[in-house]
Structures are given as structure tokens and as C-alpha cells.
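Dumping the structure here so I can ask a few things about it.
Each chain gets a letter, A, B, C and D, in the order it is written, and its residues are counted from 1.
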Amino acid sequence: MQTKYPIGILGATGMVGQRYIQLLENHPWFEVAWLAASDRSSGKPYGEAAKWRLDTPLPERIARMTVSPAEPTGAPKIIFASVDAPIARELEPKFAAAGCAVLSNSSAFRMAPNVPLVIPEVNAEHLHLIEEQESRKQSGGYMVTNPNCSTIGLVMALKPLEERFGIEKIFVTTLQAVSGAGYPGVPSMDILGNVVPYIGSEEEKMEAETLKLLGRLEGHAVTPLSAGITAHCNRVAVVDGHTECVSVKFRKQATREDILAAWAEFKPLAGKDLPFAPQQPVYFDGQPDRPQPRLDSNREKGMTVTVGRLRPCNLLDWKFVALSHNTVRGAAGATILNAELLANLGKLEPVAEGAARA
Amino acid sequence: MQTKYPIGILGATGMVGQRYIQLLENHPWFEVAWLAASDRSSGKPYGEAAKWRLDTPLPERIARMTVSPAEPTGAPKIIFASVDAPIARELEPKFAAAGCAVLSNSSAFRMAPNVPLVIPEVNAEHLHLIEEQESRKQSGGYMVTNPNCSTIGLVMALKPLEERFGIEKIFVTTLQAVSGAGYPGVPSMDILGNVVPYIGSEEEKMEAETLKLLGRLEGHAVTPLSAGITAHCNRVAVVDGHTECVSVKFRKQATREDILAAWAEFKPLAGKDLPFAPQQPVYFDGQPDRPQPRLDSNREKGMTVTVGRLRPCNLLDWKFVALSHNTVRGAAGATILNAELLANLGKLEPVAEGAARA
Amino acid sequence: MQTKYPIGILGATGMVGQRYIQLLENHPWFEVAWLAASDRSSGKPYGEAAKWRLDTPLPERIARMTVSPAEPTGAPKIIFASVDAPIARELEPKFAAAGCAVLSNSSAFRMAPNVPLVIPEVNAEHLHLIEEQESRKQSGGYMVTNPNCSTIGLVMALKPLEERFGIEKIFVTTLQAVSGAGYPGVPSMDILGNVVPYIGSEEEKMEAETLKLLGRLEGHAVTPLSAGITAHCNRVAVVDGHTECVSVKFRKQATREDILAAWAEFKPLAGKDLPFAPQQPVYFDGQPDRPQPRLDSNREKGMTVTVGRLRPCNLLDWKFVALSHNTVRGAAGATILNAELLANLGKLEPVAEGAARA
Amino acid sequence: MQTKYPIGILGATGMVGQRYIQLLENHPWFEVAWLAASDRSSGKPYGEAAKWRLDTPLPERIARMTVSPAEPTGAPKIIFASVDAPIARELEPKFAAAGCAVLSNSSAFRMAPNVPLVIPEVNAEHLHLIEEQESRKQSGGYMVTNPNCSTIGLVMALKPLEERFGIEKIFVTTLQAVSGAGYPGVPSMDILGNVVPYIGSEEEKMEAETLKLLGRLEGHAVTPLSAGITAHCNRVAVVDGHTECVSVKFRKQATREDILAAWAEFKPLAGKDLPFAPQQPVYFDGQPDRPQPRLDSNREKGMTVTVGRLRPCNLLDWKFVALSHNTVRGAAGATILNAELLANLGKLEPVAEGAARA
């Protein structure tokens, strides 16, 4: 047990914070060692500070832990962060400056030129950007981000296609689950028997993040993919699981078989043995009415993106549907998999040692 | 009261049949005089044969009417029809041959070259096609169809734009209500907390019907609009109201103000005093998160299409959201408005006279 | 138009405040003249201060009205109030002291001995309690309350039975709509595909209010009905309409026919011509699976309570289901009907005159 | 692997049939060996015959199995059955006569005097009734039933209280999930944003089954518990998990602590090591707003009944809320646990041997 990396969670009482706790229970490499939240929660036992909303019991050990103030003193050297952007903007650099590896689900620094925005299966090489960060040179600390919950399903589905056929144009409409808005989040009066065809800043995030993730690391920066992209984002009455309708235009011709092969053979992490890496990152379901959020979100513990309904598009080349679990693959699991990759690359060692020395 | 047109309803026990009954109660021109349904219902009082699913009481007069067999003998000369396509394919021509004006919500004949597919605000002139029908020459009877529930909101929103700017490309993703699938229709196990990203034949219908509706009557046939269109259709947990995310490319440049003016000034039926024609067929709601099905479907008794979220599209020119009440504007109300227009054009008189003579 | 009573609304931006505005549009006797809300809203146009959540458009005249501070100066002499209990506790007596008739949907004073808790069809005579209020003597102002949204459906259904058979024991389980919790109210994460078997203080309110409403005015106070009552309250994924499962034990024997007759003949306001009084306050629907909130809440514009499923109870005498529209009959409509009754009794005149003099 | 009991499933394509398959995957004692369904499915591969509605993938081995006709020839000697009552009435005795142990979730024979209706934690001793069955003497075959999905949560919660305090009166109102009605089951038009306060025969089943389950085996028959019970049954918009509001009157006085102790100490299967027996069959959650179906149904893999909101009742003694997973603890898991108990008691051996001999 003493060989596990101690993990601190910033924003521990929120929806994604709760998922970190749920997913890290029994994690072979990581152990929750420190929980921080807003001043209102600080000093209370976690079980009292958090309104636990997940369908597995809150682990007793965690329930008894005292919520710490959100500052680096006393925190472990590996921090999983999921807090609102304005707070992240202030706090995350502080932790990095204090020598922490800050693995963040927050949007604050995703588009910063020297901060890697990473999905391990997609653009692991962007992690080199951490060496561009001032804190890295000073204290060893750094920031790594994972994408928005709606971006990640799209990019996972597109990456194998981009590799083989090149992508020129992307059209995407989302049907997003309410858990993506946190808790209390979306009022029930807004979503029961309803659709809300608007999520603040979501379309802009999806468009920008997708191009950065599919971009190329050149020298000290990422050149975003040169492709056109437009997003329509909607909230629907689903608890977990974002559904995305995608049309795509390729640079090279691709048959249905080519596309299915690209997805089936996309296993960039094979052999690395990362605990949260799914065997089949992008799974194609050939049934005519799939994927569906209630039935398919949990594939491979919520880390697989399920695609389906591949068919020709009258305007672009092909259209399909992609589905991903928005608080697992799209948030907490994304952070964890980034951490596993960093551990695999030896990038957690110095900070963990730092922790040991502290 | 004796001056009202007697109306027969084919498919009277279904969801759209129920809407016909609801919407025709107190209609100033039309009166339900005959109800037909499948053999199982025939001979029973309507109140017993139908499982009434609407939130206004079933009118007592209707509840006591006996359901007739689905054949022309004894039926009035104006028929509103909403039955499954295979049944429509067999029955509707029979009624037309027997001298009836068959106003149909069924999909069977929508794409037939000599059958008008009409939205009164969009393409009233297509009604001339009835003169191409054999039955018209023989018995005076004819068939007129209204579009699929998902087509109608899209086309209403596009028509004013097509008129002013020309349309080159259309991208649409739908989030459709369950009432569109009839009753029992969608199983609750499929849609509670879920999305079904597939509706059989819906995408094909939307694509084909849209181009016919926006097409031009030339000689004896309609030349479809020459534009590219692609549709993604989804079922969501909404009772009434189809939400549609649209991107569109014009032939001429159009500013935001141009588009808003095109919608605001689109009043092609003004002055005709048709009871079901909304004052504002396409209403723009400027709030950032509208239209929404639960809040906006019933605008002008469900006959107005509400549009919102007009903003530039990175791939085409503009994107917006359109919403329409799928069983009113998109089905029963569509048939009724077609009938009102035909009455206004004097095209119901001969058949009604025929009825009077019978 | 100048003959209408000017009405002030306290808590105008809330869910019930919005319903007051919706229901008073085109009211023959009352006209909204003044809107007050929290300091945050005060000074803004109502259309900007309120997030309108109803499915009819916000009237333009109201949208342009400026929200006033929540104090009596400048307010009309008839106030409809729906604010949280702690605020009501402070504000409502101030308005009464200033000479206003305060008709309140708030819970703060419902159980106060000298404040009438009234449903016009049930206990109009309790209105005499206003003469016991200090403010009435000083300034003419007074407070009248209507019950909790869950109480009102139960009591309407029970009153005709209590009159004829006497009630000894009441068992009730509620399935309550989310609109009863206001906006933002219940988080969607709590109620999508879920039941919350708890609503703070609701069971206590239902139990106490029911006995006061069915009680007898004796001298200067109401003696509550001497009966046993127990309530289980639940929140379910319904927008509007509280469903209540009731078992009841009578003091006298009652057959099924006796009970149906009691409900059918219960028309205590007949002849008074109050605009919001339903023709049939308690309507029995004999279908096996009714009433249902989505289908039956709007009966007689939401002012009728629908009952059904009358059948023997193994433990008490009879069981049945009652349904009422919780924000119309159960809140805003209840206040309005109380105001209509007070107008009919001449109890609004002095305060309205006071307003005229001011 | 060859030591596992081969299991046949009657009604394999239905919702409970699917749960049997899901829950038996990797079961240490049982292995699905034979699948039967209606004639329409017979002869097809299971993956084609069944519309799989669960959120874990259909096991490939099962998908490839051919669906057999629903007759004993070629079937294993242990049959799990979940078919409609009329079909069960005909088929189950045939299988028993052919020497099978028929463990049934169907309602057909639950109330038959010589058929045990069993929950292992509640009334294991009722299993002796199988010796009263004619088939047992002839062929060794017999029938054992488990209760209705709504009964089981109630009875599990009541049994520890009945043992210690005696039960005199039971009042229960249910809020039941749609999965209890099978597939397609409840139409979405009936339940979206709605409550259906009626489930055919459900109240009668709950009332009768509860008293039989809590009854005493005396000689050759079960004497039902002598207690009063009344049930109100409702369908709500929940996928899995029945919520039940219960009031109960005891024969002896019981404090809150007494009741909590009765539940906490109720572990009648401890030491038997049955794979599906939960550690804590009845778990009390002390949070004010629990249990909730979305959060608590899956406790101990869906086999635990969660209780909460224990508080005094004004009419009876105590009231509380009970929640159980209706297709696991309330159906498929119930059958499996019955089979495990029978295996533990050696009552599967003869039939299994029979199977081996066949």
C-alpha cells in the first residue's frame, strides 16, 4: 500500500471530485490522500461536506477524511483538479509553483500554449509541453489538462480517422447529459420532458480543443489541425453519457471498411498496461439504433467511446454517432488516465519523490 | 352549424387522429362527422375504441360516435387521414376514386409526382398537382399530403431564407419527441434517461421532402430544390415538440439582420383569414437558450415554428435552432391548415356538394 | 378597465409569482399593477429580472414593468404573496399593518390562530378570523392564507366526504411534481429517473393544515377536525400535478354510490359566479388508470381536483387517488380564488377604497 | 466448469430472462445451458431473437446459443422461469412432471397451497411444501416460486420486525419502476413526466403474497400471517428500483433503536455462503432523503433492500421507506438465490443427477 502515489483532489466535493474518489478506490497505483474544497467545506469531515450523488457507497475511509483548505501547504505532490475556471485560474498555478503535478479537468488552462491538453490515446507526445512551463524549471511542478467532456468522445472517434484519411471538415451536434453541469447544475424544471439547446461556451470549447488535440507538436508549441469544425450543443434529460452526431469530410477517400478497420485497430496504448486504458478505445456497435447513453456509456468501465450508425453523408463524406461517459472518460477517468501515462513516462517520480522528501 | 364541412377521419384512434378530434372541436368551418379505424375498433363507440391520450377531455359527442369501417361508403367527401404507410397506400386512392378530397398526414404518397406535398405558407401553388390525378378527372376526388413532422419545422424556417438568399446546403440534426411515434410507440425502457439516435426512414424522408417542398412547380410536376441536405435524426425524452439544430449555406450573402427580417416579414397567408394560420408563422426568440420544446411548442396554438440561437457557422454560413409542435404543426394542424387553404381556394366545394347530393 | 382591482405581487419572479401573472392576464376583476421581488431584482424591468418558465409568453406589459422594492409604500392595497416563510414572516404583517389585504400562498402564518387558512369551497366561513387581527382594527389590512400545494388536493377530495360521513382517519402518500419546489428548485441530478422520498416539513404541513381546514370556526378560533392523519411525501419526475394515494375511515358507513354522489354534488360556490371557481370542483374519472398528472392536471383550467380509483381499503374504509395542479389549484389559483371570494363578500372594497384614497 | 449445474431459462428473451443471463455470467455454481422462448424466437440464435436491453454486453457465448422450443425434451433439470401467468400455468407443471426443479418468477402458482413462495432470508422452511407436490413423488420434479417484484422489498423489510415485535397492520404505497412491466411494457407516452396510479392485479398480489411469505408452515400447508394489509400501487418514471412507503403497527412496543437493531442484526443466511446472499439483507441509510432508486438500488449487487426515513406514524406505529432493485432482488436475483438455497439444502442434487443420467 505504501508504494501507491498519494493523490490530492482539488474540488473534491463536486461531481467530478466524487468520481475521482469513486474511481480511485482500489486503484493499483494511486491512493486518495488529501481532499480540498471551498472554504465552506474546509475543516469538515468529507462525508458531511459532500452531498454524495453516485450510485456506489462513499468509501468510509474517505467519509472520515477532513477536508483541507485549497492551498499547497500539506498537500501531496500529485493533484487532480476539477474546479470552476476562475478558481482554477488562480489555484492551479500556485500548486504547480509549489512543485505539484497538477492534472486538471478544469478549462482554465486547456488552450494555454505551454500547457498540454492531452488524451493518452490521441496526443501523448504533447506532454512535452510541460517542459515549457516556468514552474517546471523552478520547482519541478507542472500543469497537464484533459479536454471538456463533450470534446473527448468526438476526438477519440476522429483520431483514428485523422491518422489514416486526414480530416478536412467536422460537423457535430451534441445531446449532453446533465451530470456534465455538476450539482445542483441543471434545474429539473429546465430539463424534464425538455431539451435546452444551449450550453454556455460549450461550442467554442469543443471547436478549439478538438483542433488542438488533433494538432501537431512542433518545436515548443502545438499547431492546431487545419480543419473546419462547427458544433451545436444541447442538454437533454440523460444522467450520464454524451451522444454526438458527427459528419466528417476526409482528405483521402475512405470506404466503410476502411473506417471500421481504423477504429478496430486503434490501440495506441497497447502494451503499456495502464489500469484505466480500455482494451478497445473506440468500439463500433453495428446495431441500427446504437449507441445509446443508458446502455453503452459504461463499456469498459466507462473508458471506451462507442460509435455506431456509420453511413454516407450527403454533404460531407460520412456520418456516425459517438457516445462517451461524460464524467468518466470525459472527466475523472480522463485525468486518471493522464496520470497513469505520466507515471508510465516517469514524469510523476520527481514530484512523488518531492512528496516523500516533504 | 349546418354550414360546416363534414369531415371524416381515417385512423381516428391513433395519436394524430386524436389530435384531429381535439383541434376540430369548435372549428368554425369543419365538423367531425365520421370516424374510421381498423377492423378491431369498427362498430364500437369511439370512447371505447380509442385510448384517449390528450390532456383535454374527449368531447362527449365524439365519445358516443360509432367507429365506421375504413371504406368510402357512407363517408363524408372530405377525409383527414393519418394511417401507417402500407394501409394508406391501399386506402387513400380508394377514397379519392370515390370522389373524396383526401388530406393525408401519411407518408405513402408524399413523394408521388402527381400528389402535392404542401405547407400553405411554403408552396400553396403545388396544389395545382391535384389536377394531374386520375381520380380528379373521374370523380372529382384527389389526394393532398402534408410533410413528416420533422420536415415541417425545418422547411418553415428555411422558406423565408430560400426566397431571399437562395439555399445551397442544409445540415440538420433533430431531437424528436416521442409522440411522433404514435401510441404505444416508443417503449419507456428505451427513452427514460436515454437518447435513441435512430428513427427508421426519418432521415431519408426529411431530406427528400424538404427539397420537394422548396421546389418549383414547372408544368405538370415539381422540380425539387437543387441543394445539398443531410439529416441526423434522434429520439429524446420529450412528449411533444421537435427541436432541430440547423446549419445553412446561402447563395447570396445574408447578415443577421437580413435573416431576422426575412423571418419577421414572412406572412404569406396574411389576409386569407384561415382559422389555423398563425399570425407569425416563424417567430424568432432572442433569448440565449431558446427555443425549448416544453416552453415554446404551443406558440399560437402550436402552429408557429419558433427559431432561435442564430449565430455564424464555421462550415456553412449560419446556424440556428428551430422548434415545432410535432403533432399539431407537424401533423394534425398541418392537415387542417391544408384543408382551410383548399376551402379558401374553392377546392372543397365540389366534393362537399357531392357529399350534399349523396 | 379602471374598474378592475389593482393587484400587487410579492415574490413576483418566483414560480408562483409567474403563475399569478399568467393567470391574471385577462382576469375580469383583477389587474397586476405592482411587482415586488428581492433586492437583487428591484429596479429592473420584470422581463429582465425574472427567468420566465411558463409555456405561455410573458405578457409584454408585464415584461416592461419595473420591479419595486418589497415594501408597502406605493404598493396597491391588495397583495398576492408567495415568498419563502422567513421573508413572509417579516413582510406580510408589514403590508397588513399598512392597510393591505394580504392574500398569501406562503406557509408562515397558515397555522396562526387568528389567520384564516381558506379554500373557498371548503371553509369560507373561516374568513371571519380576519376580524381577530390587530391590523384589521388599525388600518383595515389583514392576512388570509391558502394551503400548501399538497394539502389542497387532499382536502378538496375529503371535504364532501367529511360533510356527509364524517372522517376519522386519513392515510395519504403523495407523488409531488417538481414545480412545487420553485426554481431552480430540485436539481435534475436528483430527480431524473429517480424518486426523492422526502420533502422538508411537507408531511407536517399536510397533517396540520388538513385538520385546520376541515375544522370548525367556534367563537374566535378554529377547532381542528378531530381525526387521525399521517402523510408520506415524495418528489417524482413530473413537472406539474401532485398525485395523492388516500385511504380514509368514515364515522358513518358509505357505499361507493354515496361517495360518488358526495363528490358529484359538491358545488358550494354555485351561483356566486367567481371567475376561477370550477363548475365541478371534484371530478371523478371512472377509468381504471386515472387520474394522471400529465393528462388531468389542467381540468377546468387547473382548478378542478380529479379523483379516481375508488375501491375498498382493507385497513380503513375506502381508498382512492386524488390529483391537483400544484401551482394553479395548489398555489396561484388558490390565492386568486380566495381574492374572488373576498371580493364577493365585500371584503376587498374597504382596502380598495383605501387604495383609491391613497 | 463441468461441476456447475446446467440451467435452463424459460422466457429467456424477456426482461427477467435477460437478467438471469446477465447475473449468471460467471456464477460459481450455475451455468446457462438452455434457452427457451416463444415459438417466434425458437430456432434462432439468442442474439438475434432477443432485443438485449441491459447495460452490460450480451455474453458472446449466449448470443450464439440457439433458442429452444419451450418443452422439457432436451432441457436441463433445473429451470428458471419467467413467463406470463397463462403460459406459466400451462408450461411449469409440464417441466415439473418431467422431473425438473422449476424455480419460477411467474405469478401463476405463487398462491397454490402446495407450492412454496420463498425468499431465502424470510421463509426458507416453506420449501418443505415441495414434498406435497404430485410431481415430486412421480419424477422428483417440483415447483418453487419467488414473489412479485413489489412484494419482496416490503417483506424483507418487515420480516425482522415481525420476528421481534409481531405485525398487526401494514399500509404500503409503491412507486414502481418501468422495468417491472417488461419490454416493450409501459409506453413512453404514458410515463414521461407522468405517474400511472394503477398496475393491474398488483395490489392484490402484494397483499396476498406478503401474508403467505410471513405465514407459518403448519403440517402440510402455510397459514398466512394474520394481519391487515392494504396496498396502493403506482408506476413512475424510473428505470429500475421500486420505492415503497410503509406504515406498520406492531403487536409489541418497539423503539426506534429496537427497529434499527432488528434490521441490522437480520442475517439469517450468515454462514451458508450462498453467492447471491447479501452480507446485509436490509440496510438502513440514516440520511434524511434516502433511499432513492437511482442511487441505492444496486447496493450489494442489487440484492440488498435499503430502508430509511424511519419515523413515528400518527395512525399506526412507525413509518419508513423501503427500496429494492425490482429486476434483481425482485425477480432474477430472487430466483437465483432460491436456487442457491435449494442447492445448499441438497434439493438440486437428485434433479441434477437426473440431468446427468439423461
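Rule of thumb we're sticking to: a residue touches a chain if its C-beta (ideal position, glycine included) is under 8 Å from a C-beta of that chain, and two chains touch if they have at least 3 such contacts.
This is a predicted model, so every value here is computed, not measured.
*Asks:* Given that chain C and chain D are copies of one sequence and touch, is their interface built from the same residue numbers on both sides (over half shared) or different ones?
*Replies:* At the contact between chain C and chain D, which are copies of one sequence, the residues are largely the same (over half shared).
*Asks:* Quick check: more C-beta contact pairs at B-C or at B-D?
*Replies:* When the contacts at B-C and B-D are counted, B-D has more.
*Asks:* From the mean C-alpha coordinate of chain B to that of chain C, what's the distance rounded to whole Å?
*Replies:* 40
*Asks:* Please work out the Cα centroid separation of chain C and chain D, and write it as a whole number of Å.
*Replies:* For chain C versus chain D, the centre distance works out to 43 Å.
*Asks:* Between chain B and chain D, what's the gap in Å when you average each chain's C-alpha atoms?
*Replies:* Each chain's C-alpha centroid was found; their separation is 48 Å.
*Asks:* Which residues of chain B are in contact with two or more other chains?
*Replies:* 53, 190, 192-193, 237-239, 294-295
*Asks:* Which part of chain A faces chain D closely enough to touch in the complex?
*Replies:* For this pair, the touching residues of chain A are 53-57, 192-193, 239, 294-299.
*Asks:* Taking the touch rule as given, give the residues of chain C at its contact with chain A in the complex, in rising order.
*Replies:* Counting only chain C, the residues touching chain A are 15, 53, 178-179, 183-193, 237-239.
*Asks:* For the complex, which residues does chain D have touching chain C?
*Replies:* Those residues of chain D that touch chain C are 169, 171, 173, 175, 190, 192-198, 207, 228-230, 232, 234, 236-239, 243, 245, 247, 288-295, 308-309, 313-316, 319, 321.
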